[in-house]
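Each remark here refers to the structure printed beneath this line.
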Amino acid sequence: MDTMDFIIGKYNYWVYIVLMMIGFYAMIAKNNFAKKLVGMNIFQTAIILFFISTSSKTGGATIPIIQAGMDKAHQYINPLPHVLMLTAIVVMVSTFGVALAVLIMIYRRYKTLEEDEIMAILKMEKQI
Amino acid sequence: MNEQASILIIAIPLLVSVLNIPIGLLKRSLCYPLTVFTTLSCVYLSFVIADTVINTGNISYHVGGWEPPWGIEVAIDHLNAYMLVIISFVSFVVSIYAKNSIEKELLPDRIIYFYTIYLLLVTGLLGILVTGDLFNLFVFLEIASLAGYALVAIGEDKAPLATFNYIIMGTIGACFYLLGVGYLYIVTGTLNIADLTRLLPALYHSKVVLAAFAFFVVGVAIKIALFPLHTWLPDAYTHAPSTVSAFVAATMTKVGAYVMIRVMFTVFEPNFTLNALPTTEILGWVASAAMIFGCIMALAQTDLKRMLAYILVAEVGYIVMGVSVGNRAGFTGSVLHILNDSFMMVSLFFVAGAIMYKEGHRNIKNLSNLHKKMPVTMGCFIIAAISMVGVPPTAGFFSKWYLIHGAINAQKWFFVAFLLLSSLMVAAAFFRIIQNIFFQPSESHTTHEEPVRDEVPCSMLLPIVVMSISLLVIGFFSGQIIDSLIQHAVPKGF
Amino acid sequence: MKFIAFFAILITGFLLIYATVDMPDWGDPNSPPNSHVSPRFIEKVIQETATPNMVTAVLADYRGYDTFGETVVIFTAGIICLMLLRRGSDG
Amino acid sequence: MVSRYENVIIETVSRLLIPAMQLFGLYVIAHGHGSPGGGFQGGCILAASFILMVIAYDIKEAKSRMSENLNTILCCAGVFIYGGIGLLCVILGGNFLDYSVLHKVLPVDPVKARYMGIFGVEIGVGIAVMAVMVSIFLNIASGGEHEGAMK
């Protein structure tokens, strides 16, 4: 029964670990650059989920906006991870935008986004 | 003024970089002097900060007026002050060098944006150095990384491809770092470095803290291109514009090494890092592998910039080695090597950029008789090269001496052997180039004519000369640098 | 490549699961993040900043420097896209 | 590439929607103190209204409303407002971003000055986020061709 409690009590962590591994695998192993970027997005989203899940409080805690007559710490969820993740989301969007711009540059040059095709093109150019 | 200097060193380059665009749209030629003056003011502010730290002790500046665990603290001790001086001085010299070099290598439309992003990169690096908050460090790390990606991407034909690998690897590194921050946050509830130092010792048995340490080290190791994770570095630094290669090679990995030292010895205690974990063994052997591998690959290259990039991989190995042996001499050597290596890298990449500027290529095999065409540049190249090898009067000797001393004190005889071996291989790599320049007869058609003297423009030559002379000056004053700054930066317990 | 990737993921996943053992349960009101720094944000936010939305107050005031950095990050990204994608008048 | 489709329904609906979206974006920025919202969210909504305009009409039409240079200047202005407020605090004798010293120039007490300071930086963030989102979208969607060359 302890194992069950352990697994259920920490289910948020299992979710983010699985998501993160999917993203990580796509980032390293996929052949297509666009798919690598999608993997990067999943990877970062998993970290955001992890942070946000640390802010939750059971026992009737509500969103972090002060309401009349309620001013105790246990009545609101923790605002700090939300703040950090707002920042991290913006960082993630920025990285994604820059990576897309670089992808467009690559596509203009090689007319493909498949890694092995680009390598073949480069090999051919070297021989000429 | 003095107490605000620690924030102005971030705010000034940042606001100028923002102003650069409207000003550049009005008159493009104003961007360059503006950038030079801004970096010059950073140098001034960094000296003010270093002076304050040496004379009155550590600075703790509360941004927004909130005291540390709640607000963000700007915390500066001797190590930060030392790094600040290095980075701002290098950025100043590189910004002087930039003008002619990028006008030759970049599309004219991009020049305004180049200066803007260059200043943002400087801001990001300085921001990493001054902050006392782990999450804030991540934010500035991302500013620096994004600016670095962009500056690499505007290089040669193959640069975008190299940049994409750099982005993927860099993002993995940054995410691992962020995950480490999250793990420390979930067991302590704080992000402030000083507060973490206070809270963590009670939690060293926790598996979360161990995992956080592992993620920090791996994440930062990707950022500083430590050996098995270095794959993005040679491509990216070879294909970037020469100015960018010089700046990025000299600063990004050094700031990464600073983050590593901060995490290993300030956030965690040296006792935990070195005794409770096999850090010395793992990092030491990885660093040895990096030194040998970097030198072997450097010997195999024909492209000058690519060779320098592989030597940079080896140099990162030196720095990590000094940190990992875990004693006073090793740490001193490591921190001193950060200074020496960034100056040596700047001068060598400057010379590579100068050769690119005049010759249009940088193939090691076709450099013959360059000493007649560019005597001053080649003289500076030789000074930088012998400093890289570690010949006594130059700066490189002193840091290597301390590193070897540290390895001997730690009784790691293999590490001593690897340090000496890789120095020999660096020497071989550079003497190959020097031989090509001086003693190889030119096989081109102009064998009978004496080559005419043809130096690069003054704005490029001056930084090269300044950097190589400063290598001799640092060598001369390294005792004083250690006395006034580095010895105070050595963590307690060494 | 696939094999190396799979290996890296196995190691990372193992490390993550290994660390999870010592983490606080989901929604634990007494976990360190919920009890060390954040209570002050909740309890004093009105009296210190007169702002009912704690996230805004922490974002722009207590940790305003972070948000400053974040604005700079997105500014950087915008400028980078401009610089990289603009084709020169000759291209 | 975004090309123009003549479609009465899409054009009419977006013509009705865009002002409402922009008004809502401004509301989200301005009311970030008391309800979920703030500079980033509001800026993104404002940017979405421009992106809707590009999708419903075309890039040329959107550009005639907001030229590329204006957009770039707005990016800078947003960051500059934020940094300028921070520097203003330094000039007034406080620490960087310590809004409570703004009570010297605003007719409010220090705590309320923090409220006003937060509002000021949220406006800066909103402008910057809107301009950058529009700029990234336009650049990526058009492949970065020069002004006038876009279809």
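Some points to look at:
Residue numbering begins at 1 within each chain, and the chains themselves are lettered A, B, C and D in the order written.
Heads up, the rule we're going with is that a contact is a pair of C-beta atoms (placed from the backbone, for glycine too) under 8 Å apart; a residue touches a chain by one contact, two chains touch by 3 or more.
These numbers were taken from a predicted model, which means no experiment stands behind them.
For the interfaces A-B and B-D, the C-beta contact count is higher for A-B.
Averaging C-alpha coordinates per chain places the centre of chain A 29 Å away from that of chain B. Once the centre of each chain is set as its mean CA position, chain B and chain D turn out to be 36 Å apart.
One simple way to say how far apart two chains are is to compare their mean CA positions; for chain A and chain D this gives 25 Å.
Centres computed as Cα averages put chain C at a distance of 22 Å from chain D.
Counting partner chains per residue, chain C shows two or more touched chains at residues 16, 23, 31, 33-35, 37-38, 41, 52-53, 55, 59, 61, 63-67, 69-70, 72-82, 84-86, 89. Multi-chain contact residues of chain A (touching two or more other chains): 24, 54, 65, 81, 84, 86-87, 90-91, 94-95, 97-98, 101-102, 104-105.
Contact with two or more other chains is made by residues 34-36, 38, 72, 75-76, 79, 83, 86, 96-97, 99, 129, 136, 139-140, 143-144 of chain D.
Taken pairwise by the contact criterion, the protein chains are fully connected, each one touching every other. Those residues of chain A lying in contact with chain D across their complex are 63, 65, 86, 90, 97, 100-101, 104, 108. Only residues 135, 138-139, 142, 146, 149-150, 153, 157-158, 160-161, 163-164, 167-168, 171-172, 175, 178-179, 182, 185-186, 191 of chain B touch chain A when the two sit together in their complex.
Put simply, chain D touches chain A in their complex at residues 34-36, 38, 40, 129, 136, 139-140, 143-144. Across the complex, chain A meets chain B through its residues 24, 27, 33, 36, 40, 43-44, 47, 50-51, 54, 81, 84, 87-88, 91, 94-95, 98-99, 101-103, 105-106, 109, 118, 122. In the complex of the two chains, the chain C residues touching chain D come out as 47-53, 55-57, 59-61, 64-65, 67-68, 71-72, 74-75, 77-79, 81-82, 84-87, 89.
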